[in-house]
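Here is the structure we will look at, set down as structure tokens.
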Amino acid sequence: MRRGLARTLLGDQKILLILFGITIVLAVIRPVFISPENIFNVLFQVSINGMIGVGMAYLMIGGDFDLSVGSNMVFATTAAILLEGLGIAPGIVLAVLLSSLAGFLNGVLVTKVKINSFITTLSMMIFLRGLVLIFTDKKTISGSTSALFAFGYGSLFGLIPYPVLVAAVVLPVFGFVLAKSVWGRNLYAIGSNSKAAQMFGINVDSAKIASFTLTGALCGISGIVLLSRLNSASGTYGMDTGLDVISGVLLGGTSLAGGEGSVFRAFLGVLLLGVLSNAMIILHVTPYLQQVVKGLMLITVVAVDAYQARRAEYR
Amino acid sequence: MRVSMRAVIVLLVVLCAASLAFASGGGEKAAPKAGKTVALMWGGTDAPFVGPHIKSFTATMEKAGHKVVVFDSKWDPAKQSTDLDDAVAQKMDLICLVPIDPVAIIPALKKAKAAGVPVMTINTEASKDANDYIVGYSGVGSYEQGLVAAELLTEVMGNKGNLAVVEGVSGFNVCVQYAKALEDTFKKKNSSIKVLAVQPTNWAPAEATKVTEDYLTRFKNMDAIFAHDDYLAGGVIVALKEAGVKPGQIKVVGIGGIGDALKAIKEGWMYGTVLQSPITEGDFEAQRVIEFLKTGKLNPFYKIMDNPKIDPKNVANYKSEF
Amino acid sequence: MAFDRFQKTLAEQAILIILAGLFLLCSLFVPSFFTARNLVNILKQSAIIGIVAAGLTVTMIAGNVDLSVGSTVAFSGILALLFTHTDFSKAFISGTSEQNAVFLALAILLPLLLGGAVGLFNGMVVTGSGANSVIITLGALAAVRGGALLFSDGKVIYGAHNPLFDAIGQAQIATIPIYVFFFLVFVLLLEALLRFTTFGRSVYHIGTNLKASVIAGIPVSRVRVTTFVICGFAAGVAAVILAARLNSASGTTANGWEFDAVTAVVIGGTSLFGGKGSVLGTLLGTLLVTLIINAMVLLNIPSPWQYVAKALIIVTAVLIDVRTRKEAI
Amino acid sequence: MGADPILEMKGIRKEFPGTVALDGVDFDLRGGEVHAIVGENGAGKSTLMRILCGIKTLDAGTIHVEGVERFIAHPRDALALGVNMIHQEFANFPHLSVAENIFVGKVPRRRGLRWVVDKTALLDGAAEMLERMRLTLDPAARLGTLSIAHQQLIEVAKALSGNLRILIMDEATSSLNMGETEQLFSTIEALKAQGIGVIYISHRLKEVLNIADRISVLRDGRNAGTFARGSFSEEEIVQAMLGKKISLTEKSSGRKGDVVFLVENLSIPGKVKDFSFTLHRGEVLGISGLSGSGKEVIVRSLYGLWPCTVGRVEIGGKPVDIMRPADALRQGIAYLAEERKTLSLFPGMSIRENASLLWLLSIWRRLVISRTKEAATVGEYTRRLNVKMTGIKAEVNSLSGGNQQKLILARLLMVEPGIVILNDPTRGVDVGSKQEIYQAIFALARQGASVIMTSSEIPEVVSLSDRVLVLSRGILIGELSGGDVTVDNVLALASRAGAVTT
């Protein structure tokens, strides 16, 4: 469930406010910022992290997290290329299935074998990274330029990139599932008090495994989107994805402790990070400073939010 | 101790404001009316080579009255392709791009061409298929550098013996090129040089030291070590010194020609290296850009800096400038 | 692991047994593994990251985590080497010999101070706001690394090969670098701090039940901030040693160390949620990870396969550990 | 009420490593009756119920539900049989809404879309449950924002919402005040009318006596007699529980010394207005009132746990400023929190580490812990309070609730505080331990320390205090002392309306 209504609004509004603030300021001093191209660039940039962020939200609300998303994504990209022989569609489907399998394994290790998510997913991250390097023979392998291409760079009405459309479908759908479905609500219960959830007949393990698998599947889909854009794969792709997504989702106000958060808020967090770096590029901020600013912004937003939350306890 | 959050928040806000002010201030270099704006898209800006390169590149450009905007893609090919979209959206007059991945960037290059924004690849080549979408390439040839390094190795090893490689990052384009160059050279010279092991270091000297330590334990018969750059070579030498290896006992070859490497060559710790000065290169590429901005084209399409080898014989002629 | 012996040993034995087992296997089957030089290497390779992990352990037992350690190592290292340069000192004052001595002292002290300062900042923000330390220190990670790059102007900073300073990283006793001994002493000191002092006891109390600690009147903020300072300080120490050893530092130094450190700590049996753990455990965890890599390099396993193997070994190790402790760490 | 039992447990045996928790216990329950189980902590009540709920499995014995033998291996099995338990430790979900808490694990699903929660049905159902329990709460409100008492009542609603044949209430009233308890009892009466069997576990004998139709006593994992209503006296029950006679306590003289603690115009925005009092040496001062009277926040703020504004605070005649617990400790004030599990205990740490906490802090500057001295002190005080344990190195969770509470009291006494603040000192504590805690409190007063105490049980305040301050909605309504300290007087004052203006 959400934090007290007032605070939810406040929490979300804070990020929305910052977003609006940035947009308005930038729109004034750098009109290009609100040019359709740029807007859709940003949307595209956040679409991949956004989709993975959905899975991450499911996990974190249930009290887990997944560091292996980056490797898993590249794993799918690699698999799709290697399986092109089977024909595009089957290759893609298989690749997504493989990623889902990896996610499923994470889930089993965490729930049944009871190894905490950090070690489990960290190992999975290293493991998949290794597999990719093996399959690509430490080089960059590229797919035969294919129909995917039209997808990756095509756009609806020559304006909305298809990848953005995918995200635009995935996010609301799984947002709804998390908010309304029995599975989703059970996740909130589990994250809030997993012992009790067990006691009241909620099947904790399967709910968690499902979230891990979903995350895996979304990594797979993201991997395909990546393929449609880069038409290639190598062990060096997607190194920072995991941490980027997690910090985005955390920034959105989903807690690592579990029990609270939402897909919408997760997306807001990811979006803010995306807009921030785009804004700084457009402001021509030197890269080193970009890092500093980004870091400090992150700290400030989160700290202020948490501080207000704490103050609210004395009411 | 009681942490007054108000104080902390104030501190944070001040820090943010300060860095933001600094940021926009530092970022803003008002270009003269005539000046054009050029994007310099490095794979990542944290690598030691990049800092000096950006400096000299920018210096030359600004002398000519143009403005440079630096992009940093955190060594993530996916990010680079979207950053390229950003640059295109900002209608740059020219984009100088260092492809992180030779293939992954091609689609984005296509898009840039479609949008009518010229792109020149620099420092590292993209794959040949990219040529239809770029206005030209200037910089060094990673493969060519590899060939020079291989030449140094064959001559110091007498075309035989055992070689261990201290790699940058597995799958990283430059590293792939180096490996290929070595392989080809050894085949061409049908040398009996055997590559004992290749171990990645994530470009971190500290890792290079670890790897070398393990090499020393593992291989009693190791004649030479090829480090993918001079910074790694530095890490290698630390390990050699600690293990009590005599200078020259194990031949070290690197790439870059940085001050420490020159020193090491003089002292005999390194046999040789391949010069790649970020300063000269930055300037070299900037000149090409200026030419393009004037004439609207580049000829020749390719312009590759030569990468002179530095060895004990000629090391005296080079002074450490970076 | 709480302090009372019988609880402690069980948990530590698990990881100890795993380590011993692996060690035995390697000694038998890995060529030239069981040689004086290689064993020293393993210690060397564990020491510097181990110091960081040891500091991090204290923070994590108190129920927080500090992901900014890697960045701190980078920044502190740059600072250290800058101050070994007389020409740098000339920028302030004409570098006469005794002033050089002063600067040498600064080269050692300032990095430690910087580390402490970063820790202090993290601690203040986390305790002051009650925010989650992961996200806060993720921010610090970016900010500090950015700062390091700004400060070093993206260049590699070289040491001035000042013999006194280099000694920190290069002097040896019986082919064993002194910093290895320092590492072991550092670990023992922190372990003692946790086990035998009121402060240490409070760290466990806070990690176990924050609310109850507040009510009991433990100076919670002070203790938590201190744990962050210790962690940052440890990073500073590691930075000085690393800088003195390599005589070079850059904005990319220690990239990703935060991960390796946390891994070592968690494998060492420290709970991600605080209240349980020990620095000795972390020592074992660090050795375990180093040993795995070392063995694989010696076996000449191609690097991609090393990833796969490493992953599998870590999982199995932790699995055995969990099973022996009948609880997910 | 149905004559034939809806539940029969025969020869239930359960062993834990080292101990036999249950040794051939028989228990039966008829439809429409309230059958109470009483006994010391560790007598096996909770274990027996956990077995019935499928949280633990039995080693021997049989369970018949409505005449059919059942094997309950998992909570789901129990729920399927209509066995619901209201747990002593909160088994609720602070992040979820009231409605979702009530229907957790059995949320109404949309017709057609089985995998989707039917929000309207959920809220309506919840509203109905709240109606039935005469609770005026918003079903959509976040549970975490509710008072402990309300959360506890939601637990009951949770049980009612499902298929309910047998309701187990384990210390269901431990955090309820009298009014709320009455409310709960009327709910129970309603359940009886529907033929539902209620198993009632409580340490509050008075309650048990007036709600239960039958009372079964457990002692050391064995049956120690079953009494039908009205066939026994309180003393008999207590005797059966303890297996020996105990002398019910006499209040300490209550002769006042000089003023040690003076507070003027303590105000907490929206909760308390201008509360002033003095505390004398060797006195036990009770602060009482119904829930929402502000008694809890007052004691918290006295210890620096809750922000407040104060006109004047003096300890031993010197003005002091208490901003946080550390300040209070330095002034010789010790505090016992109301929630043992969440606010006092350090699970997973040893008895030693749980006990010596304050003592160590009091010698904070002497940094290094002297383990021998520590062990000695802990040993001494745990003996003084008669904490039953295997050894000070054992994990604190190995202690029964009563002993845990005594241990925490020992923690306070180790620093020899001049003023002790007790917030509901015997919540969920068994009769035997209760007496020992009372004794300790009186002993404290006799030795010249002063005690401020509040409790969810008004009788407890009355039986312990020399003087009682009664609050109503944040305003000090009156003060009773000496002979006037009676439950009726307190209630009379407490229910008189006050109004807090902020």
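Miscellaneous remarks
Order of writing sets the chain letters: A, B, C and D. Residues in each chain are counted from 1.
We adopt the following convention: a residue touches a chain if its C-beta (ideal position, glycine included) is under 8 Å from a C-beta of that chain, and two chains touch if they have at least 3 such contacts.
Remember, it's a predicted structure, so these values are computed and weren't measured experimentally.
Common neighbours of chain C and chain D under the contact definition above: A. When the C-beta pairs in contact are tallied for A-B and for A-D, the bigger tally goes to A-B. With chains reduced to the mean position of their C-alpha atoms, the one farthest from chain A is D.
The centroid of the Cα atoms in chain A and the matching centroid in chain B are 31 Å apart. Chain D has its Cα centroid 44 Å from the Cα centroid of chain A. In this assembly, the C-alpha centroid of chain A lies 30 Å from the C-alpha centroid of chain C. Each chain gets a centre from the mean of its Cα atoms; for chain B and chain D, those two points are 68 Å apart.
Touching of two or more other chains is recorded for residues 324 of chain D. Across the assembly, chain C contributes residues 125, 128-129, 145, 149, 154, 219, 251, 303-304 that each touch 2 or more other chains. Among all residues of chain A, those that touch two or more other chains are 133, 138, 235, 287-290, 292-293, 296-297, 299, 303-304, 307.
Shown are all chain pairs that touch, namely A-B, A-C, A-D, B-C, C-D.
Taken together, the chain A residues at the contact with chain C in this complex read 109, 113-116, 118-120, 122-127, 129-131, 133-134, 138, 235, 243, 246-247, 250-251, 255-257, 287-299, 302-307, 309-310. Contact residues of chain A toward chain B in the complex are 32, 35, 37-38, 41, 44-45, 48, 133, 136, 138-140, 142, 149, 152-153, 226, 229-232, 234-240, 278, 280-290, 292-293, 296-297, 299-300, 303-304, 307. On chain A, the positions that touch chain D within their shared complex are 1-4, 180-183, 185, 188-189, 191-193, 195-202, 259-260, 314-315. Chain C makes touch with chain B in their complex at residues 31-33, 35, 37-38, 41, 44-45, 48, 124-125, 127-129, 145, 149, 152-156, 158, 170, 172, 177, 219, 221-222, 225, 242, 245-248, 250-256, 293-294, 297-298, 300, 302-304. The touching residues of chain D, when paired with chain C in their complex, are 303, 305, 324-326, 328-329, 335, 337, 342-350, 352-353, 357-358, 360-361, 363-364, 366-369, 371, 393, 395, 411.
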